[in-house]
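Lettered A, B, C, D and E in written order, each chain numbered from 1.
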Amino acid sequence: MKKRYFLLALYFLLLFAPIYWMLITSLKTDSEILAEFTLFPKQITFEHYREIFGSPEWRGSFANSLIYVTLNVLITLAVAIPAAYAFSRWSFRGSHHLFFWLLTNRMAPAAVFMVPFTELYYAMHLFDTHLAVALAHCLFSIPLAIWILEGFMSGIPREIDETAYIDGYSFPRFFVKIFFPLIAPGVGVSAFFCFTFSWVELILAKALTVTEAKPIVVTLTAGIGAEGVKWGLLSAAGVLTMIPGALVVYFVRNSMAKGFSLGRI
Amino acid sequence: MGIRAEHVGRSIAGRSVLEGVSCEIADGDFAVFLGPTGAGKTSLLRMLAGIDLVDRGAVYYDGQDMRGVPVRNRPIAMVYQQFVNYPSLTVFENIASPLRAGRQGLSAGEVTARVHEAAELLGLAGVLTHRPSEISGGQQQRTAIARALVKGAKYIFLDEPLANLDFKLREALRGELKHLFRKRGGAVIYATPDPVDALSMGTHVGMVLDGRLVQYGAARAVYDAPATVAVGEYFSYPAMNVVDAALDAQGTLRLSQSLVLHGQPEAPPGRYRAGFRAHALDLVRRSTADAALPATVQLSEVVGSDTEIHVRHESLPLTVLTEQVRRFDAGEAIELFLNPAEIFLFDADTGKLAGRFAASMAVEAH
Amino acid sequence: MADWFTHHLGWMYWTWQSALFFGAIMASIAVLTVLDLRQPSVPRKGWLPIPTTRGDRLFLAIMSAIGLHLLWLGLAGAAWVAGASVLSAFLAVAIFWKG
Amino acid sequence: MARIELDNLSHAYGTDASGAGFAIQRLNLCWEDGTANALLGPSGCGKTTLLNIISGLLRPGGGRVLFDGVDVTGKSARERHIAQVFQFPVVYEAMSVFDNLAFPLRNRGVAESSIKPRVNDIAELLGLNGLLQRKSKGLTPAEKQKVSLGRGLVREDTAAVLFDEPLTIIDPKEKYDLRRSLRDVQRALKMTMIYVTHDQHEALTFADRVTVMKDGAIQQTGTPDELHRNPATPFVGFFIGSPGMNFFDVEFQNGACSVGEMVVPVACANAGPARLGIRPEFVEVREDAAANCLHCRIRVVEDTGVYKVLTLETESQQLKARVPERFAPAEGAAVWVWFREEALRIFPAQGEARP
Amino acid sequence: MRQHPWLFLFPALLIMSISAFVPMMTVVNYSLHNIFAGSSPEFVGLENYAAVLSDADFRGALVRQLFFTVTILLIEIPLGVLLAHAIPHRGSGMALSLVLLGIPLLIPFNVVGIVWRLFAQSDIGVIPSLAALAGYDYNVSLHAVDAWLTLVALDVWHWTPLAALLAFSGLQAIPPAYYQAAAIDGASTWSTFRHVTLPRLRPVLTIGVLLRFMDSFTIYSEPLTLTGGGPGNTTTFLSFLIARKASSYELGYAGAASIIYLYIVIVLSYVFFQLLSGKQGATAR
């Protein structure tokens, strides 16, 4: 018993060491970061955070990310919910193959699509817009959402649907009044995973934007590799990018366990 | 008027699940479809209700062809074997849902009144504010039944509604269901694997075996004249005893070395499969016509307030049902009495009913 | 027409050879769909480790053809790559016939 | 094989202040060596808890478990040499049927040479011989349950074999065969067996002695016949037999009492309130009015093919009666009933409420 | 009841076709042609494939990719199972552990890279300082071994919680009766794990392997931020290589490499998918 918890505690210690390091780095002065090795900042400073909030580039890219991520989540859910319903309720010709094909898209490496996407959205006059990134991310988020939602929907007996029709519900009313509340946790979980995926994806976001829709992940990476990296600033930005994810997870925390137990993440 | 099915059939993935079913269920009937698991009763119910599409044949409600009429526009209600209720709604809202979903245009007050009436009837008044997950299985199924009742649908379908309930609850609800659904305008269509359910609840019984409706008719008529040996075996509890037998021109039926009976058979001489239900055998002589046979006890089982004794007579395995609770030890020798009036003669090759062995002595049908 | 094509789809770099390649794959999927509509394929178990329908067998045949070509190119280089095509054809027949 | 004694056993899951959380209350019971026993009760009455305490999977909150007079309360399941079969099939899916059956023997270091014949014997008994080489994963639920049963029976050195509703998922036809196999094994090997179920058919069929439980307390222990004829509590009267016993709340005065307008001719020394019980078989029904009968209306008639069960209503309550097939009156008809005197049972009024 | 699956699927299929089919065809076209800006494409058959397959950079990246994926799978899955056993089975301890475990999963990939860059950077990091105490000269941008170890540590840090959470939900789903039966059958701890726990965990572990395979095989942001592919080419993985070639407009090469890459992903996913649907009918339909 004791040994088990010791292992767990040790693991959590290792888990939080890097995060802690980033957090305190963001609170140290630049001179302290470079000059000496300290486990706790000698002088806590918020100058890095102040700089980020003061910079239009940082602020703008935060906003850009939020916009296209939201767009992506909305589009994904709008098309994935009906598709998942079709997969969970009906076994039709080719449904298995279609399901597998959808999933392979989730597995495809983003790098493969980098150039063709750029060309495609150029041709569609969408290059460097939020919609372009949102649509590009749909390639990955739609299959994921369908997969998660299909799992949740399959857990709801078909007899519920039938009972509703027998009771006299029309399909739209049944879907809104009866079915949706039952799959709401699944919708939450899918939204969460679409959100995180879109929020962190780098290759496509970088390839499809220049200035107008430049996201935070690109701004973050831009400074890396160059000489004289502003470590304090980078850490502060890193801490800030973790916040939206934390907020979303707070809202869907209760459904997460169920998503995990269905094995669909 | 009522439900009429004509040569109904359905296939799934190229395999036929039900074929050539024709029957007529009149208003006021309580029709029970009886059959083992997987025989196609559920499919039949779903097709009659319109939940599954009919691949072949047609279904008529009151003479009107129902093909193409969606479920929500049909005058039906359904209760499933699994306790199907809307998990996110309270018991009250569940029962109210057919009143609110349809286009009946009832006022809120009327809805409340009708829900309370149904809830009262089914003993759910105390749990109306609970959610289905918070009440017992029996209450969940009562909620589903209340939802079906409150709709006032002409045709109510019940698919093994008691199968997942405890023994005592099943016993109590069986009588209640019969009472609840009596004297409604329409018909009740009920599927069950339990022969006792079929006889005790149904006005009519349809025997479904291997995807076919083998026999359909008034419950007692089917019970008293099973069309085939398979119907006889299934529509008996415990299963009917079936023995190879020879009938000669003098009306003498030879069932075993020592068991030879005389009667006025309805069938010509020949080889038959003789069937008699377990209660045709008893431990005491009930009439002078009874034939005595020696037997050895294999196992005795207490069934409710009766005892089912599995015995061997010569090499024949037989089952006896006797009205008392008694323990017999394996190997015990007992004497049994067989009432010849209760012997059915089935054709040895086709299994079809040829007639009773002792027609004149047959108990009059109710 | 040609102008419109170059203007809007020029970035996709079509040539007749690649169009032929995609045309062939589309056609085989179409043929299979029509076949399946006429006579639904029931999964069967052959020498492949899993029970397959016709659609599965087409997928496996195409995937194994690609695999064989890549293997050939990786091991033997671009020379005699037609050999891989011949092998693929044999394998495809084996998969469809007894797979 | 062993004699199993429970001494003042109690166990609680979530104890709340009122004590209502008790799963088992101060229970004393003894099962003789080599007997077939059943524990019968509705779901949630504590029978599975009790079984787990006997097998050592659960430590009781209080009291002792004795095997042949030796206190084993603190011992593990392994040390107690108990076999147990669960309600839902438990098979080791990665193993073949043979390996499954051999598993309990191998874990105890039995020689391979003696494992094989023993496994084959058990497989024969349960009709598993054709499946021995199959992976247990692909079996039907019924076959899996037979494998579980086999693992319970395969050891010869067990103190007792415990069954927790083992036949729930088996087809009715096969249930009969398995019940018989279990009884045969029990008789032949003189094993101590305890069979837990909510199904009175199974309990009364399997066991020589049946213990009826309710809410963690024992209601009565006896042979099936005793339980049926002389129920110790109204609950037993209702739970055993089909349909269950009818009950009437009555007031004894001058050594007699009345149900409705009918004076019941039963003698009772104590005056005051009581509950009267009568089985439906002993409720006599007639179509014409007679003196000192209870006037009823037929609510429901259920024909079983062997007899009919009537649900009757009086002004104030319902009762069931069992009548012969030839009984003609239909639902809604008026009838008159009386009770057979020798079959009347009197219970204290303060007894538990009918469920 | 009538079925309208295609009506429901149409919007999803429309977006997926445009986002998947069109680019897919384009990539195939790239791979079959020599493309120079401004001139029409020249069909070259499988030449690009031959070139890619014989290219040492590509082979190197492929081998590194496979080696990396196998390494992290071998560490993360067993470690995850071990952790899952250590998590309390009920109560607030369980809730707390699960939330804590979930945290790394929510951090954007490149932030993970930054976190570890800060942790491992030679002038400001914790690891170099600790290594220096032990007398070891740790430097991610100079030593290939250090870069590799750090990258593996990063991935294990980032993704073991996923394996642990999956394994935990798998453990929770094992009915207690299985352990009770094993106890009654007299099975040892190891025997119980081997015959009860492991077979029952297989479905979730297969899902875990599938997910981890997919994601680690397409890893990009983390090495980009942590090592930039170096030192030399030692942490250059397939995504990295393709992105680099595509950025320098070597479309024929990038296209052929992409198709090979995609092919490997699809084949392996198909195998896992079949394993999954064979073992656990409900999930894979």
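General remarks:
Quick note on the criterion: a contact is a pair of C-beta atoms (placed from the backbone, for glycine too) under 8 Å apart; a residue touches a chain by one contact, two chains touch by 3 or more.
Just so it is clear, the model here is predicted, and its values are computed rather than measured.
Counting only chains that touch, the fewest steps needed to get from chain A to chain D is 2. Farthest from chain C in terms of Cα centroid separation is D. The interface with the greater count of contacting C-beta pairs, when A-C is set against B-C, is A-C. In terms of their C-alpha centroids, the spacing between chain B and chain D amounts to 26 Å.
Our note on geometry: chain B versus chain E, Cα centroid distance of 57 Å, whole angstroms.
A straight line joining the Cα centres of chain A and chain E is 16 Å long. Looking at chain D, no residue sits in touch with two or more other chains.
Residues of chain C in contact with at least two other chains: 11-12, 40. For chain E, the set of residues touching two or more other chains reads 1, 22, 26, 30, 266, 270. For chain A in complex with chain B, the residues that touch the partner chain are 157, 159-160, 162-170, 173, 178, 181-182. Here chain C touches chain E in the complex through residues 11-15, 17-18, 21-22, 50, 63, 66-67, 69-70, 73-74, 77-78, 81, going by the rule given at the top. Against chain B, in their complex, chain D makes its touches with residues 42-43, 176, 179-180, 183, 187, 198-201, 204-205, 223-225, 228-229, 238-239, 241-244, 279-281, 299-300, 302-307, 309, 311, 322, 325-326, 328, 331, 355. By the touch criterion given at the top, residues 22, 25-26, 28-30, 32-33, 35, 41, 43, 45-47, 49-50, 53-54, 260, 263, 266-267, 270, 274, 278 of chain E touch chain C in their complex.
Residues of chain A touching chain C in their complex: 93-94, 97, 116, 119-120, 122-123.
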